[in-house]
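The letters A, B, C, D, E and F name the chains in turn, as written, and every chain counts its residues from 1.
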Amino acid sequence: MRPKIYLTRKFDFAASHRVYNPAWDEEKNREVFGKCSNPAGHGHNYELEVTVAGTPDPETGYVIDMTYLKSLIDEKVIQLLDHKNLNVDVPFLQGKIPSSENLIVALWQQIQALLPPGVELVRLRLQETPKNCFEYYGETLPPH
Amino acid sequence: MRPKIYLTRKFDFAASHRVYNPAWDEEKNREVFGKCSNPAGHGHNYELEVTVAGTPDPETGYVIDMTYLKSLIDEKVIQLLDHKNLNVDVPFLQGKIPSSENLIVALWQQIQALLPPGVELVRLRLQETPKNCFEYYGETLPPH
Amino acid sequence: MRPKIYLTRKFDFAASHRVYNPAWDEEKNREVFGKCSNPAGHGHNYELEVTVAGTPDPETGYVIDMTYLKSLIDEKVIQLLDHKNLNVDVPFLQGKIPSSENLIVALWQQIQALLPPGVELVRLRLQETPKNCFEYYGETLPPH
Amino acid sequence: MRPKIYLTRKFDFAASHRVYNPAWDEEKNREVFGKCSNPAGHGHNYELEVTVAGTPDPETGYVIDMTYLKSLIDEKVIQLLDHKNLNVDVPFLQGKIPSSENLIVALWQQIQALLPPGVELVRLRLQETPKNCFEYYGETLPPH
Amino acid sequence: MRPKIYLTRKFDFAASHRVYNPAWDEEKNREVFGKCSNPAGHGHNYELEVTVAGTPDPETGYVIDMTYLKSLIDEKVIQLLDHKNLNVDVPFLQGKIPSSENLIVALWQQIQALLPPGVELVRLRLQETPKNCFEYYGETLPPH
Amino acid sequence: MRPKIYLTRKFDFAASHRVYNPAWDEEKNREVFGKCSNPAGHGHNYELEVTVAGTPDPETGYVIDMTYLKSLIDEKVIQLLDHKNLNVDVPFLQGKIPSSENLIVALWQQIQALLPPGVELVRLRLQETPKNCFEYYGETLPPH
């Protein structure tokens, strides 16, 4: 029997955003989103933890080389977010309200597409401030 | 299909307690609970993480407004614990040994009663010291 | 003899900025400031530590009531920065490049003006990312 | 109904290792493991979180006395790892490549054997650096 | 020339206290100290950093053996504070309001008396909550 | 008047070492250094904070570009230490007992030589474990 191990790698990116629904006027945005809808935006040091699972290769003792996993996600995902404005600069967020809920689902799709066979994406954890964070396990619920 | 997202908000409170079973004499308390049963008590900076789950509203990108969630739990729960003595001052702990195990179950009941429809309480994590913590997922087991 | 004690209180604010010199064209800004000059900006969870010094009042054992110090700086300074754009929204940064060096000097002036007699501002520490921070002790040097 | 509570205790140990497969020559080790296979080794401050689950005893409010749990694992497991070389000094790692994946599975076996009845081992989390960690839940998968 | 090196060792203790001046009635205590004067007390996980300075011994490369420094302070100081009530249980705090300012000055006297020749106490840093801390460098100011 | 600002950048490296004086036999080393002298070594995740001071350039608002400072120290210093054995692999530690005291003095000499004019090295802080750290301010004392 082969043990199933979960590996987590932590990433950081510094980005700005404005929580804003373009279908609403400024007043409704301010009423619903409060300070998070400041017209000139605000920003965060986001921390992203990516957890993948698999079984170790008996020849290396590794599920996947952490240095390789780091480079892959850094180059293909973090570089698109770091020192950027989430409302304007990020191709995979176009047309989405940049809440952490929407960001984490978009990140799931980006990262899942990068992983080699035998390495399963099982959890993303996105910390927006020292006081709050968001997790996604790829689960979906049926429509209402 | 709608993604299921887990939101965690962190709270702090500074409280004192004494682990003590009033059905036992002082000697038995000292024997079983050791330094945790010091007669004049001791205290901690507790950290409480509250995790709720739900699906984002397409109009806001939010499962629930974190600022609202914070205010709700701060006012109705944390204010009852912060700068208090858990053996004496807290209505929902009356008659209970204030171990972290009993505290986290009591917190579950308090917090679950506050949440609006569509927002499910899924995990509490209570850190008592930098070296130990307790989690509760609301599961219950049948009696022996 | 009265002991001199240093008290530090930590504050957080989430803000966006763009490091940008308006006297230069876009190309020169990009060349000098690199990713920090992204036109649509980026952001940080800033942590500010304010250190004041004084001698404890024998009747209270306090140099200054921390709860009072916190409210004062929160209301008069942090509220002007939190969920704001440092290039646009902050009165005391108008006309300044919002580098952390310039921000910390401006914060010194704002905070020093608020403190009651007998409480001396001795250090500000501003953390911009988990990897870097800036300190200012109010020293000034003569011009070249 | 009795609640099921999860208790986590954190441990630290400072150890050296070299990721190295003795069936390969130096060149192949360097090619596959890179800097992690430096011939004279390197090291880490490992953090180990041990999570156990159970139901609180009504007389104590405890699942298990944390002080007892700490002493047990410190004496029987951490003392074998702290200030040691994982390739050479640790009886339960003999003949294994000391990757974190292999280390966490070996730790599971050591710790599970120590726990008293009614206290179930449910998770180990091993942090190797501030940027990466490994989790094991005792799950095994069928062979290919 | 011999370099001067500063060594810091961190300690933790969990204690309760009540900020209270016995020369005042309950109402005045509540008015001045607010929630910190809750009659049944409250508590904290205190973190104490002890910084000493000296020059390394050429034969050992050490200013002082950290393991020895730790044992000394643990046994003679931390054991008197951990899992105690600062208003009642601590010999060296008798008759003092247990504010962090008074606590840190009392700790200075206790720790300074323990250190061997050639090892100078230069700083204590006492963290009361994740948001505030107190430092003392042994400085005294002249009376008013 | 120009303000003097202190900038700190944090670095990490994972290294092994053995505290060992080659002029002594094994028994004396074990007696003096205890577990730190384990023959096959042990290791740490070291954290190094480098603090430099200077006055901001009015055209950039920077004392020094942090990205440049990071690359410089990473390439010339951290690469020589990360995933290395401090007793064997590091040119600037040859012939020295690799205590943190000796390491921090050697790091001072390496880093000071790299800094451009107008940027002064003022403090190194080396954390060896989560519980201890070492600081050096470049001071030297006269010989006995």
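The definition used in the following text is that a contact is a pair of C-beta atoms (placed from the backbone, for glycine too) under 8 Å apart; a residue touches a chain by one contact, two chains touch by 3 or more.
If you're wondering where the values come from, they're calculated on a predicted model, not measured in any experiment.
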item: Most remote chain, CA-based centroid, reference being chain A; value: E
item: Same vs different contact residues, chain C with chain E, by half of numbers used; value: different
item: Separation of chain A from chain E, taking each centre as the mean of its C-alpha atoms, in whole Å; value: 42
item: Averaged-CA centre spacing for the pair chain D and chain B, given as whole angstrom; value: 28
item: Multi-partner residues of chain E (at least 2 other chains); value: 36, 130
item: Pairwise chain contacts, counting only pairs that touch as defined; value: A-B, A-C, A-D, B-D, B-E, C-E, C-F, D-F, E-F
item: Chain A-touching residues of chain B, taken from the complex the two chains share; value: 1-10, 51, 55-56, 59-63, 66-67, 70
item: Of chain B, residues touching chain E in the complex; value: 12, 14-17, 35-36, 38, 40-45, 82-85, 87-89, 129-130
item: Residues of chain A that touch chain B when the two form their complex; value: 19, 21, 23, 32-34, 36, 96-99, 101-102, 104-105, 130-137, 139-143
